[in-house]
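To start, I am sharing the structure in question, which I have written as structure tokens.
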Amino acid sequence: MALLNGILAQLLNGLRIGSIYALIALGYTMVYGIAKMINFAHGDIIMVGAYALYVFVSLLHVHPALAVVLTIGFCAVMGITIEKIAYKPLRNAQRLAVLITAIGVSYLLQNLALLIFKATPIPFGSIIRVPSITVGEITISGLTMVTLAVTAVVMVGLTLFVNHTKMGHSMLAVSEDQGAAKLMGINVDRTITITFAIGSALAAVAGILYISQYESLLPTLGALPGIKAFVAAVLGGIGSIPGAMIGGLVLGIIESMSKAYISTQLADAIVFSMLVVVLLLKPSGILGKLSIEKV
Amino acid sequence: MKKVLKTAGIACTIAMLASSVASAADTFLIGGVGPLTGAAASYGVSVKQGAEIAIEEINAAGGVTVGDTTYELALQFEDDQASEDIAPQAYNAVMDAGANVIMGAVTSGACIAITAQTYADGILQVTPSGSAEACIENDNAFRICFSDPEQGVAMADYMTDTLGLTKIAVIYNTADEYSTGIREAFEAEVAEKGGEIVASEAFQTNDTDFNAQLTTINGTDAEAIYVPAYYQDATYITKQASDMGMSLPFFGSDGWDGVLGTVTDPATVEGCIFTSPFCASVDDEKTVAFVEAYKAAYDATPDQFAADGYDCVYTFKAAMEQAGSIESADLIAAMTEISVSGQTGDPITFDASGAPIKDVKFVTVKDGAYTFVE
Amino acid sequence: MKKYGKQIIGCVAAAAVYAAVMILVNGGFLSRQMMSLIIPVCMNIILAVSLCMVVGFLGELSLGHAAFMSIGAYSGALILKSGLPTVAALPLAVLVGGVCAALLGLLVGIPVLRLRGDYLAITTLGFGEIIKSVFNAATPVTGGAGGLKKIPPVTTYRNFTFVYILMLLVILLVSNLVKSRHGRAICAIRDNYIAAEAIGIKVSFFKTMAFVIAAFMAGMAGVVYAGNIGILKPVNFDYNTSIEILVMVVLGGMGNITGSIIAAFLLTVLPEMLRGLSNYRMLVYAIALIAMMLFNNSPLKRMLVEKHNMRQAGKIE
Amino acid sequence: MALLEVKNLGISFGGLRAVDGLNMTIEEGSLVGLIGPNGAGKTTVFNLLTGVYRPTDGIIRLDGTDLVGKNPSQICQAGIARTFQNIRLFSDMTVADNVKAALHNQISYSLAGSLLHTPHYRKKEKEIDGRAMEILRVFELDQFAGYKAANLPYGKQRKLEIARALATNPRLLLLDEPAAGMNPNETAELMETIKFLRKEFQVTILLIEHDMKLVAGICEELTVLNFGEVLCQGKTADVLKDPQVITAYLGE
């Protein structure tokens, strides 16, 4: 019974961190699926979202609900700006060129935050207060439930948006073939800009939930969840919206299970080994489409 | 912008002083090496700011008189991003600027990466916070802080002998030298004293989620948790433990200093005990003066890194006065003869190995404020 | 005749650089800060040129170059620490470091055969993180998080000649390889792997070969690193290091060896030149990086390239 | 014995039977056309013959050697070379290097030679240079040897692809719509080239083509595919008169 409770508790720990990964991975996968670029700065937009929320709530004393909206708006605008300045001129360049620029943007955001907010972590209490639920000996944290719910809603919302709106269809078209989409009268630039706006807004949501969970602001806070979420997105099949959700949750659970029952020292090694194994068995991730080149 | 002007100002001053050798007050340049950017930036910034406070104090009081010459202290602090790769360049940059002594590096690895060169150059090197034993292997190298094993042993003794705890869980950073160094010594000493390490859980730098480790510990019969790590980690760990409803007492290393500044609810660290040479909230005169000056200058409460930086500068002053010279060899020889009245110890003396001799103190959080454990 | 002309220019340039560095170092014209950059520059050139082979010529994105470097660094460092006289230990360490890294390259080569593009990239990143974790955990051999210490400083700027020769060798081997049937096969795979297969090129073999050779060279660079810094820590070989090397290759114009060399030099020296900016240093570095990438793909640059292409096409018509 | 023997060849993609029960023999030295409406499965046949796809059933023999299950590079070494419907050049490489890459297995030397540029390497490279130029000259591409392949005009890119395929010294050459996108003049020129290289390189040719003028002009035999199955096979003149073929092409 104790063992079972232990396993259950560790599963919940996995869900807690996994739901955050999933939320971030959704943003990654969205941008990747449509703009076909790995946005290495995605994690740093989460950081910006977290700091923005802090500025609105603690420094400007805006009502938390409004602050959430403002934060999402701020990040979306920032996403658009970054896209316009740093990525758009590279639309026709090699894909790697954009990747490197994204890394540059990541450095830029981190160092800007460092200059503005300094290196010392800033404590910032959660604005989301949801009571935990206790079932038997197991306690489920309120925030975990909120994060899971938000991630699920976002996933469903994104799927509906992509499949049932005009903009969504444009996105699908652009993701299939930019050139053809352009010929069909789709405004590719605008579609990609909107993709970035949505991706950044999702990053903001992730940032808000992340900071509510961990309550400490650091200029580098986005880096690690960013890279883990990237792994999650690939694990789930990058470009696939439900894949991102599954990848995130699976990654979180593997992580907490290997920490609990194998080795905390080698947890990262185990997580990445799992990734390699999954990709060897299924080269395009759990839910990814294998694109076969037509000969 | 202010900082740029300030740096430019210092640089100008150095240039002017260098060009006019005959000026009344010569400059004694302290070369600082430590992280000002990157994940470890806060340690380097603290050391730098603590040292600047000390330098201002000393210069305001007329500088350091060595023989017939009065020296004004100056600091050139170069960023090493806490990286072994960049530390040599940072060190050589301050040497190019004509540093007389080296304060640094702030982190152990970066410090070790430059010890061979400082030794070859024969310059006095005092690391404020490089706690690995290898930092002071050479004869020219000294340190202000305790070494990792010293801290681990001191805490193990305190927990087993004084508090009578026998079943202890440990959470440590497997990717961090400081953390693994303390942990090793701590676990060995606990075993020596007949205690038991019931869980030894690792995490990685930048990890923020400790629920898996805490859940594991919760499943053991641990009586206390020892966390040899930095205050950010402690912040996450104590918060998540309290969220889980754990009530085990926490013990920590000197990296915990500053934890009250980063927790959202002081109750989560209430009653924790950590080894620390410095405590900003005690009300002896010297500490209060330092804390106030620091607050006025940087709008922040000094942590132990700042105190280490401060003491480092006073160590240089004492060595200059004792040596009666600013030649490196004389300064190094004087190090074992001086006694410094610092923030992290009073007195601080140094043994031939380069380690400081000062009392280990334990700090606890009581009613949301630090106090020394009596 | 034109071919030999290029080779002569290369030799002259190599000798001139060597002479210039020796004069600057021994004549005391260089600041210590600049002297401490000499070896890192050489090392980064080796890393960039070797990665250039995988990214630029083979066309696969690798985010695990630092892992190869770390294997080389650790195995080489163990040899350096073994107490052999430097004359024997250094070449042996470089060789062993290279071989160990090449073996890992072979291991990584297995997924390489199945994966492409971003999936391969994330796998190489994963390999890097696995290696890092293992090094962290294998304390008895690697010193764990505390690092492998007291490595004899055998590749400081005083041993510039050795490192420089190593660097030239790497540049020579890679540029030779590119101009050979093996190099053509690798480039063919990059340009169109289906057509490459169709003309009888064994794609898996050449992919693995490119990875192994690049890994070997990165391993040698790792030994240079070990002998220069004197302490090895797993954290210094994380994906950020791999990305830094990748930045050099991409900035150098992918598949352009000279470009990689110049980019490696610039990106090593630039952060040091920016020290005067103190806190704004990394910010300026980031902006410079973005600006350079944007320039590389700007209409201005494209116009210049296109003009060249048009001239070629024009001649044909 | 026939050079190429295909018996009962078939492949299914999921439920779709893309090629079914294909029988075909090609005699050494002949020039055969594979025609049929769009989507008839012609390119799929090429992909089966060159190992891009593995057949679900059937036999492929080149000069008696079984080719089923071999990968494309092995099949190329066995003696089948091809061009592609959508040109697949090594576009960032020079025109000469495109051909030299294809000489990879013909004129060989060790990796050590590649890395060190040994005298043996120099000798062999000279040989490769000579051979490549020889082939390029046949296609009148020699003066563009140093240009990037991507910078060639379309018609010349098609020619280069054929040149590259020939460099592998094939016994059987598969041409996938060589005249696609060419104007009548270029097509006429291409016909001459094909005739010439057939003699010059003594290669057997199987080609897919929609341009009936070309097909009628140079192919000796034809196989007509429709919905993955053989509609008709035989001498060119007979096949083109077959009412079934005409219906398949022109509709009801």
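As written, the chain order gives the labels A, B, C and D, with residue 1 at the start of each chain.
Convention: a contact is a pair of C-beta atoms (placed from the backbone, for glycine too) under 8 Å apart; a residue touches a chain by one contact, two chains touch by 3 or more.
What you are looking at is a predicted structure, and each value in this text was computed from that prediction instead of being measured.
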From subunit D, the most remote chain by mean C-alpha position: B
Whole-Å separation of chain centres (CA-atom averages), subunit A against subunit C: 31
Distance from subunit D to subunit B - Cα centre to Cα centre, in angstrom: 73
Separation of mean Cα positions, subunit D and subunit C [Å, integer]: 40
For subunit A paired with subunit D, centre-to-centre distance based on mean C-alpha positions, whole Å: 48
Shared interface positions of subunit D, touching two or more other chains: 52, 84
Numbers and ranges of subunit A residues touching at least 2 other chains: 111, 114, 263, 265, 267-268, 295
Residue numbers of subunit B (touch at least two other chains): 37-38, 174
Touch-based graph of the chains, sorted into line, ring, star, complete or other: other
Chains touching one another, given as label pairs in label order: A-B, A-C, A-D, B-C, C-D
Residues of subunit A defined as touching subunit B within the complex: 2, 6, 9-10, 13-14, 16-17, 111, 114, 118-126, 132, 139, 141, 214-216, 218, 220-221, 223-225, 255-256, 259-260, 263-265, 267-268
Subunit B residues touching subunit C - in the complex, by the definition given at the top: 3-4, 7, 11, 36-38, 78-79, 83-86, 88-89, 91-93, 95-96, 108-109, 112-113, 116, 132, 134, 173-177, 179-181, 205
Contacting residues of subunit D [partner subunit C, same complex]: 50, 52, 71-73, 76-77, 81-82, 84, 88-93, 97, 100-105, 107-109, 111, 113-117, 121, 125, 128, 144, 147-148, 151-153, 156, 164-165, 167-168
Complex contacts: residues of subunit C adjacent to subunit B: 31-33, 35-37, 40, 136-137, 139, 144-147, 149-150, 153, 225, 228-231, 233-236, 271-272, 275-282
Complex contacts: residues of subunit C adjacent to subunit D: 173, 176-177, 179-185, 187-188, 190-192, 194-203, 209, 255, 309, 312-313, 316-317
